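One chain, chain A, appears in both complexes that follow, with chain B as partner in the first and chain C in the second.
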Partner chain A sequence: MNMSKRFIYGLVSLATIAMAGSSLAQNSPTPGGTLNMIAQPEPPVLMVGLNSQGPTLYVGGQIYQSLLSYGKDLKILPSLAKAWEASDDGLTYTFTLQDGVKWHDGKPFSADDVVFTADKFLREAHPRWRYIANTYVETITSPSPDKVIFKLKKPFSAFLYAFELSSFPVVPKHIYEGTDYRTNPANQTPIGTGPFKFKEWKRGSYIHLVKNEDYWKEGKPYLDELYFRIVPDAASRGVAFEKGAVDVLRGGDVEGFEVRRLSKLEGVTTTTEGWEMYSPLVFLQMNLRKAPFDNKLVRKAVMHAINREFIVKNVWFGLGEPATGPLASTTRFYTKDTTSYPFDLNAAKKLIAESGIKPQEHTIRLMPIPYGSQWDRMAEYVRQQLEQLGFKVNIQAVDAGGWSQALSDWNFDVTFNFTYQYGDPALGVARHYLSSNIIKGTPFGNNGGYSNSKVDELFLAAAEAVQTDQAAKAYAEAQKILTDEVPIGWLFEQRNVTIMRDKVKNLVRTGIGVNESMDEVWIAK
Partner chain B sequence: MKTLEFLIQRLAKAVMVVIGVVILNFLLIQLAPGDPAAVLAGEAGAGDEQFIAQLRAQFGLDQPLYVQLLSYLKNVIAGDLGFSYRNHVPVADLILERLPATLLLTGSAFVFSLVLGITLGVIAARRRGSIGDSVIMTGALVFYATPLFWVALMAVLVFSIHLDWLPPFDMETVGAGYTGWARVLDIAHHLILPAVTLGLFFTAVYTRLTRASMLEVMNLDFVKTARAKGVPRGRIIRRHVLRNAVLPVFTFASVQAGQLVGGAVLTETVFAWPGIGRLMFDALLQRDYPVLLGVFLVTATVVVAINLVTDLLYRIVDPRIEATG
Partner chain C sequence: MSFFRRYAQNVGALVGLAILVVVIIVAAAAPILYPVSPWQGIGDPLLGPFEDSAFPLGTDMLGRDIAAGLAYGARVSLLIGVISTAVAVLIGVSLGAVAGYYGGRVDDLLMRFTEFFQTIPAFAMAVVLVAIFSPTITSITLAIAVVSWPPVARLVRGEFLSLRSREFVQAAIVIGQTGPRIMLTQILPNAISPIIVTASLMVATAILTESSLSFLGLGDRNMMSWGFMIGAARTMLREAWWLSVFPGVAILVTVLAINLIGEGLNDAMNPHLRGRKG
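Now for the complex of A and B:
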């Protein structure tokens, strides 16, 4: 602990010195230049309303914008809305929109677009907004062209966190109204309000965006052009950065061991900031419907048997923090005051003995999520640990489609999964524990089948709280119960690294990191 | 007349084969776990049952299998390959956009390996037992036995990173905006590494085949006769030996030609070449059935067409072969 603290101080002071040095040379943004990046894997479409995968947001976030954005401390920031206001009863939210915003085709942007987005487009096409709109929202109206009012059926404490880019990208009404959203040819030539306009997409090669001269922020953006290159091979992506063909590597663009090597190159800066809104938390999903994981003591034993520090350090090259419970430590409402599970094989074996099950009678299928070699290594480690408890373990290799299907149909014993937290437990966390979310057909529901009416009640109370401290209290209690019952084996919080050349300035400004509009980004000459 | 009859017969068969392939592929794909709607919902990070049901209905996946198959066949015959759920684009557009890049890559590799392979094979056969022969045959053996992806990675390491002679990936310099001949040269520069890498295996095959087959023919009586007649050595090799020895090479070349469309997934991935192989691979992982079926259809058509052409060419290469059904 002490060591790492000292290390961080060291880093901070180093960074300060470095910043002081560079600010002498150059502290005012210079306009112009091209920023080269990588979109990996190639996004299927750039229309953020129809697909919210990482690379789609990365590219599409330069074209489309949402009402709000969020700081690294999860403070709410303006985006297309310049002001927002909640009524005291928590039932009415009023957004005031920015002035002089135009769509890329020159048509003016107005409150009508926001109403259409919220009430029609996303309600039909966006699985997360659909849920919020159908559960909480009563009406969406625009009393004037610069105002939008959401009236809720019941209070929703996470409501202001539902307007992030991947949750609420504003789409142009004049292009989508009355069309089939998915087959609309306009999806190929996206029109947004963002700082960059779509120029060309050569599938399999690159996506080219150019400066939006009519952008609503005066004098922005600084950059002239953005290129997102498509490089399917991980080693080639490392080479591309090393040789200067690209200036930025987003978290996940290169393998963990490459991150280490590339970070040490001269003239390279790295940061793990810019993921606070998402705070991905990796967990072991156990199927609670079947033996042996229907037994709480077995699940507790599993938590004790897996050395999460080891996983972070050796499998993920230090790019993470061991998780302590359902909430990531970087998000609101996180509490440390919970049952903890230090690595202790003896305690684990004792719990197994206490549970009364005979581990040698159980053959467990362990299905790693098919997202790359690090997940496979983690599966091998977990297998080894479960075998030490006496279980027989088979690793079951699947591809993404097979994984999704098996999890959606509850046809699994143990697998890995991860969750984006979206700034509030009601948005990213509760879905994995609520008994109302035990539904087939999605890999991101309550697939383990955990059901506890007290937890349901607490999550509900927190979601419908009007005061933040009420919500905090309910969440704290829920975390206590959950960490005692271990419906899910929390493994670690991912810390994704953005690697960039020193000349790239202001890239990671907010809690959504590289998905944020790059209107403030500039390149030092 | 006979040729025409043969052609018509074969064309009819070819059409049947392609239709058979389409049906078989359609059914095989159904065996893979997971459907496009589930994958799409998975990517969205959420999705209730209703949402997924709505997607299925939109893609026509809620219909019985035979209805889906019939409507697909009907559309294909009408020239419509369907719409990609995932990419939100008509399948034909996706394939046409990617096809030229693949044909350029595989075509270049084809010509490269054929020319180099036969040349090396002839040299090795003429100098049988010499150092040159040993060097060529060792090289052929090495490239015959080495996995493609490894050759590719090593080639990048040596020629791009250490020597900095050739670009490590991409089809052209992104953002350079070259036109005309400058662009052609730029693409050619980018083409060298992937084409050579892809072609090396077949080069090795052709070298070995040519050499073995040449040596066999060289021992035949008519070659001795020609030599006794005083025909110059070069002419013997070209007119008498090579002409007779080239048949197995030709057979193998038709196999390679059959892979012109679908056979370069690995090379395309390592060198970030925007070809159809990667399109197919991505479509498979994402259960983008219409795209997958479309690529299979194009691949099958090319294979069938090339077989047809090969059968016709056999008669030119070796007039002794009768072109009968």
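Now for the complex of A and C:
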């Protein structure tokens, strides 16, 4: 195996010399090289189990791995688990682990680590996994060093989608057992199973990872070094890419107008793939507790009054798709068969008249989410459209903390928010609509206060379904009811763009995009 | 020579006055010229200047008329410039007059207080004030006033300090006039020229400060302002220059006009400069 690989490499280099720039050289991986990226903003920590913000996942995803990964079509892919099996009653899930996996400190990886991660570490440190573990999981056991068995209390149709990097990073038992996870000094020198090892972190400057020579995939990774540069200024990030100091820009590293400009540069490739697992959906959060948004017809009117294509095209530079309902079209169980709201001001005005609401009597506070100029422009657009319906609208400028606070305390009229869908509605969507999730203290719950027992029932039925088609049926019906009642004004599905130099190959392979282990990434010489 | 004759001798000052009058007319007539709110997108997005005769200065990314934005922005700029200056002059004159007239401990106390404000960079303090009291037109106006009164106080104190030992003030004291009355009726009229000149220049500074705040996103989100227009368009400078150039020119021209007027007033009112060619 090794011999033949080396032979191929030799052949490739010969071919490269013989026919410089030929397509053969372009298509076969060559080992070696350094990949420069940007971590924006600088992550607080690289320990993915303790922090699942974007930059932490981006860097930490090279150090830590999860049991499973997911394709661009959300097909389940092996990662630390090479095989998985669900029993017919949907109550027992068995994972078989990869052979020969070692932690970066040389200790062998085994099923004990997975059991510790699931039962102890993440149950304490990870709110999403805690909810799943406490609601559905009965026991977690390892009958042999390469097998882990999860026994559930009741079926959970989304269970196999809960093993993605941000939800289930496997942590080393021998380092964390019996310690205080958050203050463990090992958090500063992360030890994982991934293709790259932590080398150095110069705060405010760069994070340096190097090739894991003992990586469990034979002959991988191809790259020798990864640098995640820290560049706090958005314009400088664009320039760093332009000048070739970095090879990759993750979605969000530069603003939309820069994406458009940088995409047109010579020798640059872009893709919107690699976000399917997250499929961020941007929506208008209305407070259903008070007038005028307690009135369903008003909410329908708002949907008709906002031209979502205009928003995507003119505010977001085309980097999105208008949303049609609670589920992103890129995720499982999405259905088109729902009430749609084409842009139609006259229909909107008619609905307002029907609703009996006198819009001029209502002054609406519109609170933009303070994430940059595009969100501000969107707020201005929404205000202008609401004003056309006759409402008075005041834009309430807040900072990020103020936004989170106001939303968590339900002290708002209208604001924006977005949600990651995590591949399955039970994980990323239902939380915004379940009446059991009308809780203060988080901006990502059911903050509008929508409550419909039929919808609750359908979401629960779908989550506990054993057969996929049962779940699909329940989700389809839930989508129908929701699009008729408009508890949330769905605006658009974000399409984040990854920009890279042409020489970077195989970077976006799966539905988690650049957070995926970069063990297959190589740089064309 | 009358005051107006002297003022008119300065060509620059006349040009400045003419520009300012135009800006004031446009600001006053904005609702008549552009009955639709400047926030309302009424054309195709990103029309260049003169591409569509209905929008001679073009439209922005949401299809809002740039010309309408300029007209409504003039109202905000002038309003904030004038009111914040008035407030600042009121504070500055009161403190400076009291400090200069009474001297001694009172002077020490008030001047240390003034220095406290002077040592903090004015713009940074304005940013902090606006950020603390959420950005509304009132908080912005007051923040600008709060950071711009110390120079007035200094100036007025100096004038009062030198005038209070003159014979006419001594005479007023002798005939038994009270302190406040002397300050208001005897000294202030004699110190008014430099105050007017300073105030006129402060209006220009206030307009610039408001634009800078709006540029940074600390403006009143419900008022169209020139600084906001530039701030919003900044990101698209390469694609749509007209979004930021026109409001930029508006700020430049208005501030220049007010400075020219200030200069003209100075020439006309300062007896030492009489005879200087304008």
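Basically, the second predicted complex is superposed on the first by the 500 of 525 C-alpha atoms of A that agree within 3 Å, B and C clash if a C-alpha of one lies under 4 Å from a C-alpha of the other, contacts with A are read in each partner's own complex, and residues count from 1 in each chain.
Just so it is clear, a contact is a pair of C-beta atoms (placed from the backbone, for glycine too) under 8 Å apart; a residue touches a chain by one contact, two chains touch by 3 or more.
Please read these numbers as outputs of a predicted model, since none were measured by experiment.
When the two complexes are overlaid on their common chain A, residue A:Arg128 makes contact with chain B while staying clear of chain C.
Looking at the shared chain after the overlay, A:Val315 reaches chain C, while chain B stays out of its contact range. Look at A:Arg203: by the touch rule set out above, it reaches chain B but stays clear of chain C. After overlaying the two complexes on the shared chain, residue contacts for A:Asp214 are found with neither chain B nor chain C.
By the touch criterion stated above, A:Glu354 is placed in contact with neither chain B nor chain C.
In the superposition on chain A, contact of A:Glu255 is made with chain C only, not with chain B. More residues of chain A lie in contact with B than with the other chain of the pair chain B and chain C. 398 are the residues of chain A that lie in the contact sets of both chain B and chain C, per the superposition on chain A. Residues 37, 39-41, 45-46, 61-63, 134-135, 217-218, 221-222, 232, 235-236, 238-239 of chain C touch chain A in their complex.
The part of chain A that touches chain B in the complex is made up of residues 34, 36, 41-42, 44-45, 47, 50-53, 126-128, 130-131, 182-183, 187-188, 202-206, 208, 225, 227, 229-233, 235-236, 239-240, 242-243, 245, 398-406, 408, 420, 431, 439-445. Chain A makes touch with chain C in their complex at residues 255, 257-258, 261, 314-315, 368, 373, 376-377, 379-381, 383-384, 387-388, 394-398. Of all residues in chain B, only 32-35, 38-39, 41-49, 51-53, 58, 83, 85-89, 94, 97-98, 101, 153, 156, 160-161, 168-172, 174-175, 268-275, 278-279, 282, 285-287 touch chain A in the complex they form.
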